[in-house]
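The structure is given below, and queries will be raised subsequently.
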Amino acid sequence: MFTVIIAIMLPFLVAALIPFFYKRIPRLHIGWFVLAVPVILFILLARYIPSVASGDTYLKTIEWIPTYGINFSTYLDGLSMIFGLLITGVGSLVILYSIYYLSARESLHHFYIYLLLFMGAMLGVVFSDNIFVLYVFWELTSISSFLLIAFWYHRKNSRYGAQKSLLITVSGGVAMLAGFIMVYTMTDTLSVREIVMSMSDYTNHLLFLPAMLLILLGAFTKSAQFPFHIWLPDAMEAPTPVSAYLHSATMVKAGIYLVARFTPVFGGDQVWFWVVGSVGIFTLFWGSFNAVRQVDLKALLAYSTISQLGLIMSLFGLGSAALHLGYSSESVIYTQATFAALFHLINHSTFKGALFMVVGIIDHELGTRDIRKLGGLMALMPITFTIAIIGSFSMAGLPPFNGFLSKEMFFDAVVRINELDILAIGNIGVLFPVVAWIASVLTFVYCMIIVFKTFLGPYQPEKLEHIGQEAPVGMLIAPSVLAVLVVSIFFFPNLVGVYLLKPAMMSIFPTFEATELAPHISAWHGWNTPLMMTIGVIIVGVLLFSILRHWKPIYRLFPPHWSLNSLYNMMLMQAEIRSSEITRSYMTGNLRDYALYVYLFFFTAVGGGLFFLGAFSFDSSGNAPIRIYEWILVLVMMIAGISILFAKSRLTATLLNGVLGYSIAIFFVLFRAPDLALTQLVVETVTTALFLLCFRFLPEWDRETYKPKTKMVHAFIAIATGTIVTLIGLSVQSGKMFESISVYFENAYELAGGNNIVNAILGDFRAFDTMLEVVVLFIAGIGVFTLIKLKASRGGQDIENK
Amino acid sequence: MNNILVLPMVIPVLTGIILVFLRSFVRIQRWISFAAMIGIAGLSLYILNQIQAEGILHLNFGGWEPPYGILFVADSFSMLLVLTTSIITAICLLYAFSSISKERENMFFYPFVHFLVAGVNGSFMTGDLFNLFVCFEVMLVASYVLISLGGKKLQLKAAIKYVAINVLSSWFFLVAIAYLYGTVGTLNFAHLSQRIAEVGQGPLLTTISILFLLVFSLKAGLLLYFWLPGSYSAPPPAIAALFGALLTKVGIYAMLRVFTLLFYHEPTITHTIIGVMAGITMIGGSLGAIAYKDIRQVVSYNVVIAVGFILVGLAISTKTAMEGSIYYLVHDMIVKALLFLLAGTIIALTGTGKIDKMSGLIRNYPLLGWLFFIATLSLAGIPPLSGFIGKILVGEGAIETGSYVLLALAFISSIFVLYSLLRVFMNCFWGETIISEEDEVPLKRGLLIPCVLLGVGTALLGVGAESISTYVNDAANTLVNPNIYIQAILGDQK
Amino acid sequence: MPAQFLLNLFIALLWMLLRDEDVLRFSTFFAGFLVGIVIVFLMHRFFGQQFYLRRVYSIIKLIIIFISELLQSSFVVLKQILSPTLDIKPGIFTYETALKSDWEVTALAMLLTLTPGSVVMEVSPEGNVFYIHGMDLEQSKDSLLRSLAKFEKAIMEVTR
Amino acid sequence: MKINDVILQTVTRMVVFIILTLGVYLFLSGHNNPGGGFIGGLVLASAIVLLYLAYDIETVHKGIPFDFKRVAALGVLIAVTSGFGAILFDSHFLTQTFSHFHLPVFGETELATVTIFEAGVALAVVGVVVTIILSISEDE
Amino acid sequence: METLITILVGVLVTVATYLILSRNLIRVILGTSLLSHAVHLLIMTMGGLKTGKVPLLGGEGPYVDALPQALILTAIVISFGVTAFFLVLVYRSYQESRTEDLDPLRGSNNE
Amino acid sequence: MNISEIVKYAAVFLIFISSVVSVISALGIIRFPDVYTRIHAATKSTTLAVLLTLTGAFVYFWAAESFISVRLILGIIFVFLTAPVAGHLIIRAAYRSKVKLAESSIEDELKSALDDKE
Amino acid sequence: MIEFILGISLSLFALSIAIVLYRIIRGPSMPDRVIAMDTIGVNLISGIAVISILLKTRAFLEVILIIGILAFISTIALSKFIERGVIVEYKRDR
């Protein structure tokens, strides 16, 4: 039985098997083997279209980390169905295409493993109901994309593009995760369905807005919305099938998916409307504006993709107005924006997929994608040319191609939103149709560039890497299928509308009446504003294209170093430089500085605690009396101690240290601690002997050469440390709260059979300490032995100095 | 009676001593070492399950009832760490078999590793403050020797700083113990907790607690991490891996223990300080991680970031956050070991640690490259590898308590982790291959297998996070409810 | 001579056995030892040797010389310290001794060191020449040489 | 002129025995009087140190031909394994027992397992101290 | 007495701290040695001074607090081990790099 | 006042004397012109002081608790044996490390011996 | 009375130590310092003997003996160090 979980797992399983397969079977076949995966999945998914269209949804859960509610819950509904079909459908075509595109000399097994990983991850994203699992797959798409972009990892640009895409999309993902956690904190559920149902209770929650913005951040980075779009053009370093699949048809639409999925969650809020709508519309403009200036066909397509994604994104924003207004017969009309968004999503995948494949063919056959070198290919590769025409004109919004339909709906939506005043749109609202129209003009222009600069004009074989011809049939199948789709959707749009878009609309607007969500799509809708706008686009577009040479220089007005790209590069570079400066400034490698930090922390935190918490207290009433000889001895110790600082020779200092040690022993005697006195004396002597032994190998010490100011600082730190230690000590003396547990040990004779309490503690009550202390001593002992005996100069070669 | 509890510490001690006698039989030393570690792993798993059945276990040494004697306490938290420690050490030993020089093996390398583990395990298990000091010393002195074992100039330089700073920190520890003993007159954790709760954590006790914070921060590398990068990049990889995986963790453990069991009454002071320190640590670590072009440095600063991250959990101190910290702790031990071993292997193969001096290694050593990639992703908290669940739980805790700054720092730092390691990966493994097949240094299987094991470990721990969730849950539960601990130790005495 | 001592010990043990007490007491042993001394003294001519306690007597005599030297020398030094003006003429001189064995040389050196105003600085590698630092050579060199001879004799009484 | 250490060496020979005896005494009497394994060990070690000072490493090694690393290891081994004794008798690790016996010659005597433990400690201390001093001294 | 000793501890700590901030490693080691002297006195003081008889049983109590004595004993031995190691470390380092001055020992951050 | 009381007082007196001797010899160590003369103060009067104190303590314990302290006797013997050796070693070291004799010194027969044979 | 006298004696011993400390600090030569060090040890012995009487305990008599031993050992070590720079020789050439 088919379940969605298997659909997700299958690509991973096959990916895992490839390393074992690929050496056994001839290389080229591996693509065919892989091709089976999306084809099977597409067919299996497609069989669910009727039942999903009738409103059925399928939920299936396998426990993963049930303790934290993180389970594989898959949810098949109208929205995920669209994406599932795109992923498997476009996936099939792309793999088919890639079989001919990639030469057998490439490391194909890597390629297909990454591709399958991506496919599984992408399916996981769209089918996961559990937000954390969704996040898991989300990041996996970024990573597989990273690997695919860097497929030719020996190229510098590939690495650069891969890193850029990963950094941006993963950062967005991390933000999204934070947003998800906030959502979870509010709603206490990880299921998207349940979140949709319960979120209305939390719209006033403190976390509502941050969660929304963070999730949008994730969506925007993934879908290359301004200003995060900069990774997409660089991602074009990937092999063209990858660009067609990930960077136009599927992965970049994950952000769109997320926005769609969370529209019922956040869409009622006007912030959502504004952010999604305006970011989308600006991206639409910016992408198209930049696409025109490109000379690399693939870069052009990348900016075009950015632009188109912006279009879809803005439509989702506009459609959310319906949710803001709540369900009513008037508000339903705004859902059409969302409908248009979904429709354009599909259309874009078809025509953009086809165009990428066309560019791939050109690149593959002629060895270049540079518009300036291309021209006159129409005769050379007629089929490719036909496909290019279909794709471009669809993208330009011309009939009889599917792009025309969704473009009209888009114009309709931006015009209608202008009439809406509840969202405090006012005069700003007029920007929506204006920007949309300008962007569409630019879109028209670059579409023309694709077709005419490449396929018409003079053929310049001398500029090409190799003389080309029409691509092999196998390579043409996939784009042809897409081109056929582009046309057939134009003629049968309502098949798509009823079977795919309506169920998706039901997922996005669960509170709305299903029947009202799927308007009838028709190519002819009267002489209305959208149509006027389209006509305007064509007229102005043709005009602008024909005088392109004259106005293109305005792009030079934008200095290249002011671009977002250079901002990104500069940020990375500055981050490295600054962090290096900062780190090196305090990581001096100097023990003295490190010790200073410790003391500084002691001074600030502990000293600060002492004073600001008011911990100091002083009460000497419980003190034992002091005799004259004790005064003298304390004085001797102080003098001896201080004299160490001024000792001119190390031996003097050692002797003074010895004096201290011996004096402490006599204090131990005075404080009734014979065992301590004995130990202290012997240890002190042996230590002195050790000093003498080592002095043999060390030079006499010099005078300290610090500057007076440094000395003052050291002196201050030293005095502060001593003072704080003393003050806390005095406070503890004054603030004793309990009797010590050691009264118990006075029964040493009955308990442990010894009269020497200290010895009983060491040998019995706390024998474990003693045992370990012997171990410490032992380690130190043989440690000294190894330290002396094992010398690098004598030691042989070992691993780290090869 | 639970005499079994002493074994995780005494087995390594005894093994260490016996290996001293077997100095010249290197092969025997190796296998005894390895077997001992596996044995401890098995034992600790057994104890861990025992705890789930019977609650916290403890062993009173010499039969002296707490608070008078010293005791070992096994709760889920400590045993989880003991388990991880022994597994990781076993793997690092495997790596050492083919990487540590004969000279070192002859110079008691294996005994020192065992003593180190003894100290680490003892620190995890002891229920007595002064004994914690002693266990720390066992661990530290062993680490002093290990860091300088081999006597290279660089090692000795690093060792001097490492020793000096740790001597200072040990001194502060003693001072803190003296103060605390002077104030409340006892050393047993449970008893200390009870007594502090009884009189309330006044200003003086809070000040003393900050002193403890200083001590453990130095060990853990929380804010006071400056000693760490130098020290961790000096010794050979097997040792560096052990250091990276174990040493800071002991400090973190102690901090978690002390600030949940003893000084949990003034969180607005202590836990705020910890939070601030954790934040600065993550920033500093992040900056450091991208500041250097030496693999060892990058890896070391990544240790620092993780320390900050884990202690965010303590600063927040909700049960969820604690669970997150514990998950992350275990995860970090595995992946840090992996990372240090990989870094060491790369350096061994190329003879340099500078990332711009190598290129295209993935063609020569594909598996190594992918392992590094996995380690990178895992450390960045990319699911479904092991860092993920800890990251989510800590994040949850941060949001629950409104600690947004910490949340932001924690999550942003993971991007720095990703970037810093990705940079290494792309510089070393990608790019034009510069090592021709003739010049290729063969990658010993003995070096690769341990890395593979750890790589599989991080994946398994991520995918199979559920398998340890019971333990983690119980561990966090004990941490946030000190009374469970006190009841288990002092029981009906009060 | 060791034979005499062993015999003495044997007598003491015998004494203890004869007393047949439940507990072994040192006092009993001591008493037995005293009895033994008397017996051995009476019989020592049968061994054809000196009575072994004669040597003990010599040792005691030597120790007494030690102590008296110490007292005297301390007194001299103290006087010097306390005198308002320090008027001393120190210096180093040599002395050749007839003593041979390590024990003899050591004993003489120690005695000399404890003697008023003199400290042994060096012993020649052959062990026969002492280099002695005198605190006030002008006044005391002669008396020093005289007491040296006395010490040598006393030591030889013990060792030979 | 070569240095003649006859005085030092002669006195040392005598003094060392006093120190050694004292060390053993301190070790044995620690249970009831100041002393114990540690101090005993330290004093024994200082006797050996004295020998090294007065003579030289070779000469001393001829007289005391031990590998002090092994002595130390043996000591630690004894100290640690003595803890296991208790486990065999089914009581807590490191449990010490003591009892009074009537022995010939010694009379009423207390025998305690702690003595075994302390002996280990003492051996370890001697071993370690001498190892350290020898290691440094042998370096050139 | 407690107050006096606590002040003495403070003086010793001051001197030790100043020494630890020195360039010369022997001074640093001496500093750590002084630190341990100070802390031993501190532990002693924290248990109360001269509050009873020598902790050898026999006759009437009270005895002074024996626990700090045991702790100090352990601490003394440990610090002995560590000092020995540290000292040898310094001289070995001198052997390798011919300096005991800290500045040339910086290393690692630029390597 | 019984006998033991008198003996106790005598012992204490002995100790007192020795403490005075000790201070004086300490002064000597300060006052004498060079190390070779200071050693006389150290090896003689200081040693006397300690021997007197130990004897005093021994007598005191004997009188007060009728306790014969073997340890004190051993201590006395020990000091007796070691003090002169210590003095000898120090002064030899001083001379061999070329510490100058006081200006008032009138004779130095060792100088030539050391110079000759080295 | 006895305690009073012993207190004075003890103070005098402490005073001696204080005086001799001057020699350690000022030197001028190393042997001077060693002499002073040795003297301090000897005075400590005296002091502890007095303390034992004052505290009415025999617990410190071992300490006396130990100081004697250790003062001797350290004096030897120091003298040898001053004289030869080496305190433990591997093989003495004689």
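Here the chain labels run A, B, C, D, E, F and G in written order, and each chain numbers its own residues starting at 1.
Criterion: a residue touches a chain if its C-beta (ideal position, glycine included) is under 8 Å from a C-beta of that chain, and two chains touch if they have at least 3 such contacts.
Chain identities (UniProt): A = Monovalent cation/H+ antiporter subunit A; B = Monovalent cation/H+ antiporter subunit D; C = Monovalent cation/H+ antiporter subunit E; D = Putative monovalent cation/H+ antiporter subunit B; E = NADH-ubiquinone oxidoreductase chain 4L; F = Monovalent cation/H+ antiporter subunit G; G = Monovalent cation/H+ antiporter subunit F.
As the structure is a computational prediction, the values presented were derived from the model and not from experiment.
Colleague: Between subunit A and subunit E, which partner chains are common?
Modeller: Chains that touch both subunit A and subunit E, as defined above, are B, D, G.
Colleague: Just tell me the minimum hop count from subunit B to subunit C, counting one hop per pair of touching chains.
Modeller: 2
Colleague: Higher C-beta contact count, B-D or D-E?
Modeller: Counting C-beta pairs in contact for B-D and D-E gives the edge to B-D.
Colleague: Based on Cα centres, what is the most central chain?
Modeller: B
Colleague: How far is the middle of subunit A from the middle of subunit B, if each middle is the mean of its Cα atoms, in Å?
Modeller: Going by mean C-alpha positions, subunit A sits 26 Å from subunit B.
Colleague: Taking each chain's centre as the mean position of its Cα atoms, how many Å separate subunit D from subunit F?
Modeller: 31
Colleague: Let me have the rounded angstrom distance from the C-alpha centre of subunit A over to the C-alpha centre of subunit D, please.
Modeller: That pair's centroid distance is 63 Å.
Colleague: Hey, how far is the Cα centre of subunit A from the one of subunit C, in Å?
Modeller: 91
Colleague: Where does subunit C touch two or more other chains at once, residue-wise?
Modeller: Residues 109-110, 120, 122, 124-125.
Colleague: Out of subunit E, which residues touch more than one other chain, so two or more?
Modeller: 20, 28, 42, 45-47, 53-54, 56, 67, 73-74, 77-78, 81-82, 84-85, 88-92, 96, 105-109
Colleague: Indicate the residues of subunit B shared as contacts by at least two other chains.
Modeller: Those would be 13, 17, 20, 61-62, 130, 134, 137, 141, 144-145, 148, 151-153, 160-161, 164, 168, 175, 178-179, 181-182, 187, 229-230.
Colleague: If I apply the definition of touch given earlier, which pairs of chains qualify?
Modeller: Once each pair is checked, the touching ones are A-B, A-D, A-E, A-G, B-D, B-E, C-D, C-F, D-E, D-F, D-G, E-G, F-G.
Colleague: Which positions of subunit E touch subunit A when the two form their complex?
Modeller: Counting only subunit E, the residues touching subunit A are 1-15, 17-24, 26-28, 30, 33-34, 37-38, 40-42, 44-58, 61-67, 69-70, 72-74, 76-78, 80-85, 87-92, 94-96, 100, 102-103, 105-110.
Colleague: Can you name the residues of subunit B that touch subunit E in the complex?
Modeller: Result: residues 130, 134, 137, 140-141, 144-145, 148, 151-154, 156-161, 163-164, 167-168, 170-171, 174-175, 177-179, 181-182, 187, 229-230, 233-234, 294, 297 of subunit B touch subunit E.
Colleague: Touching residues of subunit F toward subunit D in the complex: what are they?
Modeller: So the residues of subunit F touching subunit D come out as 74, 77-78, 81-82, 85, 88-89, 92, 96, 113-114, 116-118.
Colleague: For the complex, which residues does subunit F have touching subunit C?
Modeller: Within the complex, subunit F touches subunit C at residues 21, 24-25, 27-28, 31-34, 36-37, 39-41, 43-45, 47-48, 51, 80-81, 83-85, 87-88, 91-92, 95, 101-102, 104-111, 113.
Colleague: Any idea which subunit A residues touch subunit D in the complex?
Modeller: 674-675, 678-679, 682-683, 685-686, 689-690, 693-694, 697, 752-756, 759-760, 762-764, 767-768, 770-771, 774-775, 777-778, 780-782, 784-785, 787-789
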